[in-house]
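Attaching a single structure in structure tokens format; questions to follow.
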Amino acid sequence: MPTDTPADARRTAPRRHSVTAPRPAPPRRGHCGPSSALSAAVLVLFALFFTVPVLWLVLAATKTDEQLVHGNPLSFGSWQALRANWAALSGFQDDVVLLWLRNSALYSCLALVITLCVAIPAGYALALTEFRGRRTLLVVTLIVMIMPNSTLVVPLFLEINAVGLIGSTWSVVLPFSFFPFGVYLAHIFFSTALPRELLAAARLDGCSEFGVFRHVALPLATPAVALVGFFSFVGNWTNYFLPYVLLPESDQLPIQVGLGTLLANVPQFNPTAGALAVERPQLALAALLAIAPVLVIFLFAQRFLVAGMLAGATKE
Amino acid sequence: MASGRVRWPGRAGHGFVTPYVVLLIAFGVVPTGYAIYFAFTDAGDTFVGLSNFLAAANDFRFVTAVGHVAIYLICWLPSLVVLVVALALTLHRVTVRSASRALRFLYYVPGALAGTTGVLVWLFMLDPAVSPAAFLLHAFGFDTFGQVVAPEHLPILFTVIAFWTGAGGWMVVMYGALNNISPDLIEAAKIDGAGAWRTARHVQIPLLRKWIVYMVILAFAGGTQLFVEPQLLSQASVGVAGRDYSLNQLSYDFAFQNNNVNTAAAVSVELLLVGLVVAGLFVARSRFFDAD
Amino acid sequence: MTTAVGAGGAASFRTTRRRTASFACAASLVVAAVTACGAGGTTGVQHGFQPVPQTGGTVTVWVDATRLVAAEMYQKAHPSVSMNIVSYDGDANGSNYLQTKVSLFNRTREGWPDVVFSSQNNEVTWAVDAGFTAPLNKGLLPESLLADWAPNANDPCLVDGTLYCLRNDLSQTVLWYDASLMRQWGYQVPTTWEDYEALGKRVAQEHPGYLVGSAGDVFTPEIYLWASKCGANQITGPKAVTVRATGPNCTRMAALLDTLIENRTMSTSSVFSSDFDKNLAGKILMMPGPAWFGGALFQDAFKVPAGRIAVAPMPQWSGEEEPAVGNVGGGTWLLSAHSTNLKAATDFLTWVTTSDEYQGTEAPGYPAHAPAATTWLAKQNSSGYYAGDIAAPLRAAAGQVWPEWGYGQFSQEAIWAATVTPGLTAGKSIVSLLPAWQDAIVNHARANGYAVTR
């Protein structure tokens, strides 16, 4: 663990200074190396912890079921096996896997758009404007956030049935769009990262309240939009329970529930599965397809997610 | 504050939150109210007071499930908070941008594997016969999958799985929040002679307060609602973690296996109350709602 | 009770006369009321079954991926029938998907599938109370057709003499063995459990590492204790069960398993685990197990070469007159009481459970319908995979399933997994775990509203 020395303080110096860049030698330089090495070791160790299982999953998709059990866990199977797994997977109920992916994309994207339009202004208003019921709204949001899902499913089902939406795309998109976490995230962002003076200045300049939001807050809110959008997308993409209960038809299922169906057809997990069973490497391949969009979006969104937020915006 | 300024933004504030309030009522308040209504009535819609709560508490699975969830929370919360904050701070000290970005991506990757996929992967990771970490499992003295998933290990295993899938996302949030701290503050601390440890303790962590509280509340609520991991583990393994391992599973079983929505709702309302009390404590202690 | 019927409205109460325990009544009141919630409950009349108006239309069929072929074959052969084929998880591993959905459909009063396949045998324990299943032997299907099922095969579907589902396949247990190893080592296939145990001891001495069975699966009680006539699961009425899991019939088999586990000829790993596949699959001398072990386990999972695996009858306890075997699974088909096209639905149901085109030829498991089973066995024998005839022992076993072990709403497999398996892994003996097992069964039965006799 780092120790309290001026040398270490150097290491916390502003970003953009390379570790390797020579710096004026501080008096007790000796502490510096071991501490950094320890940090690096810890970071690498955790990187292994997070990635080895994923690497295993990637490799699993290139194996036959037999290789999966008998081969080295971290060995590459063969391209041929990968092709065979793909053929078997896409043969499962006539390409239903692609349909599931398409469904997931549709539900998540629609919900993402609605969530952003709803959550960002709400978080902004909760953080930076005064209105009657603000505190109540915050408290209610918090309560709903920690409400157990399993309870809400039956009432939600009845409610959606009452408005005649069962079986429609909106029956999952609308509940997906309700994203109190996102409102909270936006609220925290705006309340910690946006100086009130900036808004006050804009108001003095004669901006309307909407104008302040549109021209001052929103341009600075890219990280919040990215954060909320990203977590909303991932949350909806990986949501299992709600579509599981709300969608009756297998060709409406999103990929997560579809994976559950595939899992139930792997003989090792369900001995009653018969001759048309799914093999574990095919399941691994399906899982990879299911996570790929999330990873790609993360790669693109990461820049915004950790952007220097307002600090960078006001200084440069 | 001038009265004109309060009135004007007041109306605008309502305008900004209206769409959210509509969704909140439709998919938050109404179902929650409905659930609370369920918890205090019977199947014939008659008010029955606390009898659903008594029925739940008297079920032979209830006390064990409470125990399971409590032990899991004891493992899960401290490890999440300590490790996420520590790793985010360490990561923030990495000055090579590309390395930092790559590490954050690697840490995040399992976050995409929530639910079914994650448990599937761990079924293999924890099986000494096929795991890449078999040497570790053998070092702990485990030779078969059955020994690894022995009931007394489950809280730790669920903690590992939950940390694996969830920590990366929180690290991204913490890292973003750390970036948000003005470099001047850090520089000032440095000039005052503060080391990395003291800078973290006296400058960075206090400024992360809101985010940490937010994480604790959500992690606590998520922890009490433990469902997917034991459910899938019970389905896809030798079934050692029963279908009634956690309170949420018990509630689900009440609702759908025993066709008793009311008792299920009672369990959920209890979970909600516990979540509220804990959230309330944290919010009050950390002055979470202060608009400073 | 009268007021409760008034409140609940569902007429499934005519079946409750036998329920004496107050708890059972209370639980069923809840079920009935929930069922009827929202519509006043005019359907679900069980004994005097009143079909809903027959307006015809699309037949919705829910099947698991394995049975999807059956539905598609039928559609191909009957293009004029309007079918909506939906695949779901088949309630595998007790996922309760069907029950969840039906209880939701009961609230919305629409959406029920017409015909459903479930991989579970205990669906009627809730589906009758939920008013979902139509009685099949009260006019919908002729007695002559139903008489073709293997003896007792449809027992899981009976409630007070009324048939509420049709059995898809039987999973009677037999003794699988490696014929070439037995011949090579000069062993006789045991016919009694005593001989089986003695052979296990010999194998431990002469060929250590080889297995005579596996006790690591959740269906261990069904393979061994059921066949030993252990009365752990005697369902005596719709909501009544007798649990005697510590009697001599149970302890004799538990002791046998303990002996063989101790000398390592009985595995404690699940036959479906990677551990077993990797380290033990090539070491099987004998393996008591259900009919589907042949295809699913030896042929598909372990890839044992053709000409080695053979079937013998389950061993019996010496001195017992009636042979007894256990049963591991076997799915059921349910017909919805809400169907608006009972004619087409019934026709599909009949075809899918009895036809040679599907059950006799394509089905992965031993058909519960006896004539289809004959075709199926002939096809299996002609495949040349097995060493010797498998038809005679399997057909004999089909009629020997001990009828005193039933299907309650609680999962015996889950109970075994949660109470016995961890102890077994930790090195405890099964005999010492029987009392805890019994307590767990009793607790789960009571929680599901059963009146329990010990």
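Should a chain be cited, it is by its letter among A, B and C, assigned in written order, with residues numbered from 1 in that chain.
One rule holds for everything that comes next: a residue touches a chain if its C-beta (ideal position, glycine included) is under 8 Å from a C-beta of that chain, and two chains touch if they have at least 3 such contacts.
To keep track of the chains, here are their UniProt names: B = Multiple sugar transport system permease protein; C = Multiple sugar transport system substrate-binding protein.
The model shown is predicted, which means the values in this text are computed figures rather than measured ones.
**Student:** If you take the mean of the Cα atoms for each chain, which one ends up farthest from subunit A?
**Tutor:** Relative to subunit A, the chain whose C-alpha centre sits farthest away is C.
**Student:** Pick out whichever of the two, A-B or B-C, is joined by more C-beta pairs in contact.
**Tutor:** Ranking B-C and A-B by C-beta contacts puts A-B first.
**Student:** Could you state the distance in Å from the CA-based centre of subunit B to that of subunit C?
**Tutor:** Each chain reduced to its C-alpha mean, subunit B and subunit C end up 38 Å apart.
**Student:** Approximately how many whole Å separate the CA-defined centres of subunit A and subunit B?
**Tutor:** Here the centre of subunit B sits 14 Å away from the centre of subunit A.
**Student:** Multi-chain contacts in subunit C: which residues touch at least two other chains?
**Tutor:** Within subunit C, the residues that touch at least two other chains are 93, 95, 100, 273-274, 277-278.
**Student:** Can you pull out the residues of subunit A that are in contact with at least two other chains?
**Tutor:** Answer for subunit A, listing residues that touch two or more other chains: 68-69, 154, 158, 260, 269.
**Student:** Two-or-more-chain contact residues of subunit B, please, as numbers and ranges.
**Tutor:** Each of 124, 129-130, 235-236, 261 in subunit B touches at least two other chains.
**Student:** Help me check something: in the complex, which residues belonging to subunit A touch subunit C?
**Tutor:** It comes out as residues 66, 68-70, 92-93, 154, 157-158, 161, 166-167, 244-245, 248-250, 260-261, 264-265, 267-278.
**Student:** Show me the residue ranges of subunit B that touch subunit A in the complex, using the header's touch definition.
**Tutor:** Contact set of subunit B toward subunit A: 5-6, 8-17, 19-21, 23-24, 26-32, 34-35, 38, 87, 90-91, 93-97, 101, 103-117, 120-122, 124-125, 129-134, 164, 167-169, 172-173, 175-177, 179-183, 186-187, 189-190, 193-200, 210-211, 214, 217-218, 220-221, 224-225, 227-228, 232, 235-236, 248, 251-252, 255, 261, 264-265, 268-269, 271-272, 275-276, 279, 283, 289, 291.
**Student:** Looking at the complex, which residues from subunit C come into contact with subunit B?
**Tutor:** Answer in residue numbers: 4, 7-8, 27, 29-35, 37, 93-96, 99-100, 103, 126, 129-130, 216-218, 268-270, 273-275, 277-279, 409, 411, 413-414, 417-418, 421-422, 424-426, 443, 446-449.
**Student:** List the residues on subunit C that touch subunit A in their complex, please.
**Tutor:** Residues in contact with subunit A: 64-66, 68-69, 86-90, 92-93, 95, 97, 100-101, 104, 107-108, 111, 119, 219, 272-274, 277-278, 292, 295-296, 300-301, 303, 329, 331, 363-365.
**Student:** Using the touch definition from the top, list the residues of subunit A that touch subunit B in their complex.
**Tutor:** Of all residues in subunit A, those touching subunit B are 1-19, 35, 39, 42-43, 46-47, 49-57, 60, 68-69, 73-74, 117-119, 121-122, 124-127, 129-132, 134-135, 137-138, 140-152, 154-156, 158-159, 174-175, 177-178, 180-181, 183-184, 188, 191-193, 203, 208-210, 213, 223, 227, 231, 234, 238, 240-241, 256, 259-260, 263, 269, 283-284, 287, 290-291, 294-295, 298-299, 302, 305-311.
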